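Below: a set of structures, written as structure tokens.
Here come two complexes built around subunit A, the first alongside subunit B, the second alongside subunit C.
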Partner chain A sequence: MINTVTILPAAKNDLRSFVEKTSGQKLLRCYQCGKCTAGCPTAYLWDLTPRQVMRAVQLGLKEELMRTHSYWLCVFCQTCSARCPQEIDIAAVMDSLRHLAILEKRAPAEKEVALFHRHFLRLVHRFGKVWEVGLGGLYNLTSGHPLANTSLLPAMFARGKLPLLPHTTHNMEEIRNIFKRAEELERKSAGPETGRKA
Partner chain B sequence: MPRVGVFLCHCGTNIAGVVDIPTVAEAVKQFPGVVYVDDNKFSCSEPGQAAIRQSIIDNGLDRVVISACSPRMHEITFRKAVSAAGLNPYLMEIANIREHCSWVHSDNKEAATEKAIELVKMAVAKVSLHQELFRKRISMEKKALVIGGGIAGIQAALDIANAGHQVILVEREPTIGGRMAQLDKTFPTLDCSACILSPKMVDVSQHPNIRLLTYSEVEKVQGFVGNFEVEIRQRARYVNHTTCTGCGICWQKCPEKVPGEFEEGTGQRTSVYIPFPQAVPSKPVIDTVSCRYFKYLDFIDKKMEGKKPPPCRICEKLCPPQAIDWEQKDEIIRETVGAIVVATGFKTFDHSVYGEYGGGRIPDVITSLQLERLMNASGPTLGEVVRPSDGTHPKTVVFLSCVGSRDEAKGRPYCSKICCMYMAKQALMLKEHDPGVQSYIFYIDIRAGGKDFEEFTRRAQEEFGVLYLRGRVSKIYQDDKKLMVCGEDSLIGRPVEIAADMVVLATGVEPSEGAAKVAQTLNISYDTYGFMVEAHPKLRPVETNTDGILVAGACVGPRDIPDSVAHGGAAAAKVIGLLSQDTLTTEPLTAAIDASRCTGCLLCSQICPFQAIDMVPANGKSIAVVNEGLCKGCGLCVAACRSTAPSLKGYTDAQILSEVLALCP
Partner chain C sequence: MAVSYAYYPGCTLKTSAREFDESTLKVCKAAGIELTELADWNCCGASSAHSVSPLLGLSLPARDLQTAEALGKPVAVACAMCFHRLKHASHALGDAAKLKQVNQVLGKEFRNTVKVEHLLTILGSNGSSYQVTKKLEGLKAASYYGCVLVRPKEVMELDDEDNPQLMDRIVASLGAETVEWDFKTECCGASLPLSKPEVVVNLSHKILRQARQRGAECVVVACPMCHSNLDIRQKAMKAAYPGFQEMPVYYFTQLMGLAMGFSAAEMHIDKHLTDGLSLLKSKGFI
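== the complex of A and B ==
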């Protein structure tokens, strides 16, 4: 059963204003040509294609867009952004949508993707850089797939791609400040209109 | 016995590479009447033509066969060459041994040579029967008629008049200006329509070379290019325009109010009226249907029962120069003109056939032209866009494109071309009028092909927040004070519903009322929808199949203002070219009717696509006579006649038969 969409006036489209504010992109520029979808390497997995995600934002279809897997499956390769004839950074729009989902504490449709991102940031916070072995280990243990991708390990070790110990940045103070500032901005951007649950 | 000379052209290797020219030359010498044969590498070249000229003189030739390329290519060239040698140009015949022979039979040279011989043989047989033919000169009346006073007709009239020729501009309505006068702004520049149109209207009324006939219609057209006899009916206005000063007292005081045509029903006018303040001429007419005095006269005339209507006549009592003239009658004006420009324009599709959109019964479902009037500062609401039902300001407005366009089921499969742009303009203007308005446009495609058009529709979306929804609306229904609009956004693939305050239907373009009748009066073609048909859609876009009759503007098909102006100017250029000649020469290859064989059955006259056959009385019966000014020599009458009365000069039965006999003796 396909539900009828009630179209809201542009002024009441909170979804679009949030995405425009956080991504810096003008969503109304999208004229739905579909070049993003055509070039996307993961779109075959998406339930709404990249073009449809853009359209859903234009129409303000927040609830159903939030439920989709699509924006979680974006690998940020930016092929879409590089090719968009209207010069929209579509990958940034996908990022904004994840941002919104996290702000509103929605259960991510792709839990493991969210988990991966969390571990990634945790490690960057701790060491100032990503630590591949740590990330792989953490992710595999917490995601419940302890043996995922382990067949690749010997080859990667042999080529020196996986240093056992983490590298650190010399100025960790700066990294901490970046994170602090980001958290501050996040709090500020999460106004009442985004419906953030405290 | 005629003395025929045959000239064989090699056309480089085009002909000679396939056809064995010496063999052909040898064979041709044997044909009856041939006294001279020559061949040349390029007969069309200057030395080639000189050789033909010299041979005609030296050998006393009186018939010539040129065996070369298609007559479409060089018939005129060779006629000139023959003529230069002192021979009548119609005593020449072309045997096409290139397109009809060497080019298509390059794989079989022997057979090609044989075919070339036979083609020349036929031409020799035919040319022997050729007669001298002469072109005729017809006079040119240096005056033009322009039918329709919209922007295309205005442009055409001004351009012709500025070139120094007399113009009669005929307009059916009480004022010129047409559709453009009804518009508020024009896309994509947002120029005020009246501001750019009014100066041109005034120019028309003041031009010494233009005779403006408003409230008039062309009733009858006869004749042909250079000499059209035209009858124009000047309808009675019941106001003497010579004495009327246009002071306006009559239309201010007239007590009878009716929906105004110019306002598309959004406002009212009085019975004595000018359609809009900048009307040209700015003098009124009295509408006899609504006028109280005419109703009174009608009541008396028909001896009707009941209450007698008042014999009002307030306008007459108040008119300072006493210009009201109840006795005025329609007047027939006869003119002779050399050329005619048809610019009868368009009207918008009647949306009442769309039951799903309310069929015209929902008051807040209006047409785009009605919205133009509502947005116009001199319109009925002085530029306030309000809902017809309750006078409130709409905040949510939905536009529906393609109402009566791209709709096979409604008999309108074509695109009306202008709607995409005017919807974008109107949606954008609504936001300018009231920033609180949200517009939605349901569209199938956004067709914005034109200078600065795409940028304009993008601007409407990006800057003015007009939301485009791709799909056709399926239903509109009233829900309390809201109009529920149901469609699909085919881009997301979901049905959508909008609670709107007002719906604007972008009604499509169709030919003006009576355009087909005008076409019939002029004997020009029109298509199934009633649009005029051009002589060639690409290469002769303003000409018709009748010489001297041109078409311009939206009577040919949906066109916007710049296109209409361009076509008006183009038609004018063609007229100016015609009128710059003192006389016209006619092609002598026309039909001629043998009066003694004609039974007066009229079949030829009915079948003639150029209306070139008239019936004239002779010896107590009617016989057909060909008007050489109109005849194009198509030969239809020759084929149709049961008593073989018509024959086509240059292609008589005897000539055609001689070719057949030459081939199969």
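== the complex of A and C ==
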């Protein structure tokens, strides 16, 4: 992907400091053995493999990394984290990368995956609980795949697996406040590492 | 002695995995384990909250844990995903600075003193006393734990990460036989079914294929997400992988219930998309 790179000192490596701060992981411990990639169930779809993602964070290749599909395809199975000989929680690093992309309002390379998370949380924000019919409906309406998974619906409905109306948490004020305060606090503590350079 | 828990069902057990909820409640009642549903619980955030906002990913489960803490009861969880999020929150909030932040978000005091246990541990521990009245003799099952139930080991505190035995022991106690296999904790595709169904079909198919190769007639699970990926995608697996043979997927509580004398209807075996009744009939269990 890139022929030459410049290794930045930590102070200038915004990507690495953000990821280290939010994931609590020591990125420089990674010695590129590749065990994370070997065990990752979805790595066959990643443009940069988990090992390469780790390297890109070490090197501070923020723009190159943010553009990839890789971290969006992590399903958080934690196989990598369990196997890393350097005891790095790689899954937490992937979480940090998604979090960074969202804080910086970047267009996700995997728009469907990002959309799924967004709708999921929209429902929790609205009802306190997830409502599967609503989640599927919102997803299909907005993803450009209006018929995604609909072939399964008749059988699911017939078995009473998909209630048409949402269950809700009663104290919704508390739930909305949780969303609001978490976002405020997170933006406040995001620090100078986030933000896109022109 | 009746043991009493605040029961956290989670969203899926109230909708597409109702059979897991209902079999859990019936089995626990019969085994003298008292489960009282946690009042006004909210979603744990599952795979989405922490993917988008780490603080939200801790605060949503913390609200539920706080409710249980105020009751002074330990929390019992059946869903592997919810269990993962609740355990993860308790573990992460061992950090005083994070706990302080979460308390700011919650707007009330949570001290993080509550214990979270999975039903596999509760039912599988020596203290639990369920009566097997109808042995499931001759049934060969593959226990499938999936990823989030056991990983990371220090946080989940459930069982070994690569070769867990807890569910195998329960299944064996019912008279059934469990097979040795390599896919116990491989990933089924997790939360990708809406956005990437083809990935789920690929990964889940590999799991069922090896279960079959090792002689299993069914797969037993403790996670509604694994169940859904393995159960409802079998038609698609057939289309994508010629020669694939369907295989029933049961919740461990459903098999427990059957062995404890409940009927197939009471255990909602007919709720699955892949036929689970024929195998049980052929064995003479129902």
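Heads up, the rule we're going with is that the second predicted complex is superposed on the first by the 183 of 198 C-alpha atoms of A that agree within 3 Å, B and C clash if a C-alpha of one lies under 4 Å from a C-alpha of the other, contacts with A are read in each partner's own complex, and residues count from 1 in each chain.
Following the convention adopted for this analysis, a residue touches a chain if its C-beta (ideal position, glycine included) is under 8 Å from a C-beta of that chain, and two chains touch if they have at least 3 such contacts.
Please read all numbers here as calculations on a predicted model, not as lab measurements.
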item	value
Partner chain(s) touched by A:Arg29 [first = subunit B, second = subunit C, both, neither]	first
Touching partner for A:Ser81 - first (subunit B), second (subunit C), both, neither	second
Contacts of A:Thr169 with subunit B and subunit C, given as first, second, both or neither	second
Touched partner set for A:Arg98, first subunit B, second subunit C, both or neither	second
Subunit B versus subunit C as contact partner of A:Arg181, first or second or both or neither	second
Subunit B versus subunit C, judged by how many residues of subunit A each one touches	C
Interface residues of subunit A shared between complexes with subunit B and subunit C	none
Subunit A contact footprint on subunit B (complex, rising order)	395-396, 438, 440, 458, 461-462, 465, 467, 469-470, 486, 489, 491-499
Complex contact set, residues of subunit A against subunit C	22, 41-42, 45, 73, 75-79, 81-82, 89, 95-96, 98-99, 102, 110, 112-113, 115-118, 120-121, 124, 128-132, 135-136, 139, 143, 148-149, 152, 155-156, 159-163, 167, 169-171, 174-175, 177-179, 181-183, 185-186
Touching residues (chain side subunit A, partner subunit B) in the complex	2-7, 9-11, 26, 28-29, 31-32, 51-52, 55-56, 58-59, 61
Subunit C residues touching subunit A - in the complex, by the definition given at the top	11-12, 14-18, 40-43, 45-56, 59-60, 63, 101, 104-107, 147-148, 151-153, 161, 185-187, 189-197, 199, 203, 232, 270-273
